[in-house]
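Report on the following structure.
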Amino acid sequence: MSLLGGGIFKGMAVTLRNFVGSYFYKDRLTTNDYSWRPSDKLPQHAGEYPKEEGEQLRDTTTVTNYSRNFPMLLHDGSEPMDTIRCVACQICERECPPQCIYIEKSTEKKENAGGKPQFYPAKFDIDVSVCMSCQICVEVCPFDAIVMNSQFELSTPDRFGGLLLRRDDLLKSNDYYHNIHPEEAAARDKRIAEEKAAKEAKKKAAAEAARKKAEEKAKADAEASEGTPDIQEDAE
Amino acid sequence: MSHTVNHESILGKFPGTNWDQEAGALIVPTVQAKEIATWLRDNDAFLLDYCSNVTGVDYLECEVKEKVTKEDGTVETVTRTEPSRMDVVYHLYSMQKQTGPLVFKQRTNREQPEVESLTPVWRSCELQEREVFDLFGVNFKSHPDQRRILMWDEFEGHPMRKDYTEPFDYEWEPTPHDEILEKHQRGKVIV
Amino acid sequence: MSSATAIAPNYELIQQDGLETSLLEVSMGPHHPSTHGVFRMDVKLDGETVVDLQPVFGYLHRNHEKLAENMSYLGSMPFTDRLDYFNSMTNNWAYALAAEKLVEIEVPERADYLRVIMAELTRLVNHVSLVGFFINDLGALGTPLLYAFREREKILDLFEQASGARMMCNYFRFGGLRNDVPEGWLDRARDVVDHFPVFLDEYEQLLCENEIILSRTQGVGCLSRDLAISAGITGPMLRASGVNYDIRKVDKYSIYDRFQFRVPYTDGNVGDCYDRFMVRMLEMRESIRILKQALDGIGDGPVLGNAPKVFKPKPAEVYGRVEAPKGELGFYLIADGTPKPYRYRVRPPSLINLTVLRDMCLGQKVADAVIILGSIDIVLGEVDR
Amino acid sequence: MSLELIRDILVATVPLLLIFPTLFAFTTWLERKALARIQNRIGPNKVGVPLTRYGGRFSLFGLGQPMADGIKMLFKENIVPRDADRLFHLLAPILALIPAMLVLCFLPIDFPWINNIQDSVKAFMLDGAVIFFFAITGLNTLAVFMAGWASRNKYSLLGGMRAIAQMVSYEIPLVLSAVIVVMMVGSLNAAEIANAQAGWNWFIFTPWGLAAFIIFFIAALAETNRSPFDLPEAESEIIAGYFTEYSGFKFALFFLGEYIAMFAISGLAVTLFLGGGAGPGVAALPWLSVIWFLVKIFALIAVMIWLRGTLPRLRVDQLMGFAWKFLLPLSILNIFIAGSALHLLAGGRLAGLDEKQPILRQLMEGANPLVVAGLWIGALLILYVAANGLNQLSRAKVRPREYKYAE
Amino acid sequence: MSEQIAFWILSAIAVLGALVAVRKRNLIHGVFALMIFFAALSGLFLLLLAEFIAAVQILVYIGAVGILLLFAIMLTERVAGDDGRRMTSRGWFWGLVVAAAVFVVLLLPAIQQWPTPEVTQAPDPSVEELGHKLMNPYVMTLEVLALLLTAALIGAVTAAQGMRKPKEEGSPE
């Protein structure tokens, strides 16, 4: 190398530039200061954490609206158990790679948001210590009943019961979902709306086709009863 | 895919080998294995100097339903029982000629699985053959250092065999998911 | 052949009469600051010189293959993230590539472009972190490592926005990707890729001419060409020993043949730690070239092809492999018509690259054994599976 | 034992015991903040006075961190390995601290309370300071080996042996580069050396002085196990070297010993090469010399921290090779050059120079500038060529390499 | 008066150190006790106002000889001396007799006040005086000593080199 200690001085020049730079260019400092919060706002127990809807850990600067953590069940209206989407079909329980979901189906049916009587999960536990937030359950769920939450402060004093989230802890409203993952929630709702529209359209088309077929049959009986000469003009 | 390796000349040169068309692999008797391997590595037509992957496959005794078309054209399924066997599969590549994988299998029985070790031919088989010994129980003749690689030395049994049943988990702790554990005991036990 | 018990062949310890010096047996054990995970080396030392070295594996073994055989094909995709937890995207790709060979699904154009972008970003993350850890093993107290992690943060944020998680992405599916990247993601990716060469120049100025690094890494842990080929070494370590073998160029899988990029390698007469370190630095620049071309060439369209609802392939046997940042990562799948694979085998580049650890470390100093292990770039999730 | 004598001794030494440990606390904060800033981090800023009513806290820029560390070290459990050599396990940190503290009183910092004590005590302390300095820092090697041996742990044994080899082989260049200054000033007394460099003619401005300073600084780094030479406590190879088995306050004592040794040896470097308390404005305000002395010490410590943030570690055999094949011959050559240059300059009246006047100014007026310039450049050239030659000799093959590309 | 107290303390430490060095079974403890003895000796030199000798005493004896002893100890086995081997050499009786004789000879001048030789001129213990003496009258002895030491150094290196002859010739560096 040219100068005896040339390489070492070049390296020291780089560290000096970084040392001085960190005072002027703030974007160099990537460690964001985890904001200090008075102790009363810290979560006491995963279960009863934010009971009031929509309250999200706004001031933690680390949670982006794409990050996914543990799953949560969705319900549409205000009263959770009336408008729950999950119908306890247990597909997610079968598909879950680490087997951390445990569902007990309800015996009798109940009216759900769409008015159709449906089963609902009497028990729906997710063992958060086993779940690896891989989002397979969200993919395989045909009813968009389970989506990923981004709540990560789940530390609990009790190692066993504390980390088993029961159905009531998991239930969150749809607009809470819009609050934490706006883009994804919007896309999902649009897709549901389209499917519903498509189903209605298909149903309407089927109903109409059935009605049309019924008319033709009625017309056909009418001709059959009048006589048989003009069969051929029906055929074409 | 890089162009594949033609295998007719091997069958010609070594009568003992045969070609398993369905799996696309060269079945080699363990006795001639080392000789064929060295020939494949040094012969200019192949120059398979890189053994990428060595693994074991365990086949249990099972009935296979086959559609057999008899002379008079009628198709009827006959069930044939496939004998249990253990395969050691080698994927060979050539780095100089950049040619595709030649799958090279050695077959042995499940009771005392004994296969010729190819570590003297390719050093890359050393650790992978130890793993097959550890997880499948296949004994590799003339392997320089055949010990368990992943399991601790006092471990009995070979976990990757199809008929391996888990020992009782003595470190079991009461966990919230014991309801789930019982459900598992009732329902499907991991084979 | 180096049998297990013989001490270093080229090192003969003269027993002075009346002065039997016993070898100092140190187990640089599972809990050691520079073994990149739970990996143990039983080292026999004569003073500072390594006379014998026995690697011990298995501390992180959870039998990933048995798990996969009792789970559906899709179920073991999130577990492939945990193989080499630095490059979850390339692990997913290797598994998806093998599975797609089973069922002959056709992957849409945009999905292929996004797959190449994700893989090359993972290669940048892996090489930057490796160089950081390697220089940290040399003794620089974290400065190069923290510069590397500052760049890695930017790329991990991109992964989080695309797949939802920073390291455990679980983003690839058979026949495409799980969901499309959010809008505005490609421009953010372009900014990160444009800034990366600036960072690399600063990094090279800090590291590549530093006399201490040069004298510490040159001539240490030499690996000859034929030993590398015979020991099945793949990836940057092989190219540092003089063999021009890059699976992206050999197999031309996915759409790598559309991009112009070069593969750095050496003329093979030394192949020591310095070559491995420099080959990775140069490979990062090539990855940036690919990324630029891919970001320009990406079009619109669907991201997931016509994947069947339940993945139940006909009985077949397939071996798919990908140029992972650490070497050739291969998946050997045997399907038997049920939704669960009959045999699921992962070919781990880190484990096989460790075959030559003992040959390279004999006769070197303790400090060199640590660096040689660092230059091999192992991740224990993949070694122990 | 007359009481004034005891009083004077106490006045001379006890303030040192208070000032330098507080400077140690300040340096740990400085080091962590500076290293953090080099690595684009913020550094400690969490320990502070909690103002609970407003919910925030005043973090006094992290200055609370050293206090917090000190208290933490006090309360940490004091683990002694079962079959360790208990007595020596306890003695080692103490023996690491004693020589470092002892050596501090040889530095010619004329604090205000120093000059009204009996000059017999002052004379005793400063006379022969240089030779006592090297004698007592030699004890540090003993402490390191005692720690390595007593912990009964393979890594600390390795660390202890490395430390001995390193300190023994770097003491020689250290002493030889100090010999040049003693040769120029003609006395071992630290105060005389400092006064001989009054005003701006410090010894670092002479070519052989500069070479000696560089060798002295590199050897000082090795002596206190700092940055490129921190082999005895190499985390990546032998965990924490000789103080692997230490925890709690004994570990803090080692830490304190290392930093005080850093202060002492940079203090000596300042006395020998950077003119002790000399600096602008000292004539007007005499107490300013103390400030200058401490500023120069902190400048050297800042360079040490800067090196710690940048450079990786040397290997043991390279460390030895560097000391014996590079520093030692260079310092011997430097002594010859300094000797011949001084002889040519002073022309035999070297003995006649009085100590009060700065040596260099007396030497300069005598000779005509032509000869002085020629000497200066000649010395610099010889030293640089010798350094490059020696470097090529021992590590000739080390060069960045070229790489091939395949399309 | 203060010198008397200092003298008695230092000599007590010296004697104690020497005794411990001899009696201790654990070699390491023995070596460190020896070093306390050297330190006490250097304190005595200071009392005689010969601070250069005191400094050299610390530098040479503790700094070099001590470390040399430690190196030697590191190479021997069974250092902790806790393996129960008793070394009772049979000739301890004659050893005692010889020790007593030497002690008596040393004590004779103190008992009979032999006329101590007049000190012609109080030797000036300062460093400068020492330097001049070394350079003018005794320069020859200094050079011979230097030669002797270098010879010893080279001898040590070749002895150590011979012990481990690495066979690989083409070893890098």
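Here the chain labels run A, B, C, D and E in written order, and each chain numbers its own residues starting at 1.
The definition used in the following text is that contacts are C-beta pairs under 8 Å (C-beta built on N, C-alpha and C of every residue); 3 or more make two chains touch, one makes a residue touch a chain.
Source: prediction; values computed, not measured.
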Partner chains that chain C and chain E have in common: D
Interface ranked first by C-beta contact pairs: C-D
Label of the chain whose CA centroid is most distant from the centroid of chain B: E
Nearest-to-centre chain - CA centroid comparison: C
Whole-Å separation of chain centres (CA-atom averages), chain A against chain E: 82
Gap in Å, rounded to a whole number, between the CA centres of chain E and chain B: 73
Centroid distance [mean C-alpha coordinates] between chain C and chain B, Å: 25
Cα-centroid distance, chain D relative to chain E, in whole angstrom: 29
Sequence positions of chain D contacting 2 or more other chains: 38-41, 309-311, 395, 397, 399-400
For chain E, residues contacting two or more additional chains: 173
Multi-partner residues of chain B (each touching 2 or more other chains): none
Contact set on chain A toward chain C in their complex: 1, 5-8, 10-11, 13-15, 17-18, 28, 30, 64, 66-68, 95, 97, 132-136, 139, 148, 183
Complex interface listing, chain E residues touching chain D: 1-2, 5, 28-29, 32, 35, 51-52, 55-56, 58-59, 62-64, 66-67, 70-71, 74, 80, 127-128, 173
Chain D - residues contacting chain A, complex: 34, 37-42, 55-57, 306-307, 309-311, 384, 387-388, 391, 399-400
Contacting residues of chain C [partner chain D, same complex]: 24, 26, 32-34, 45, 48, 135-143, 146-147, 150, 206, 208-216, 218-219, 244, 246, 249, 260, 262-267, 274-275, 278-279, 282, 365-368, 370
Parts of chain C lying in touch with chain A, wherever the complex brings them together: 71-72, 74-79, 81, 143, 147, 150, 153, 157, 160-162, 164-166, 168, 170, 178, 182, 202, 205-214
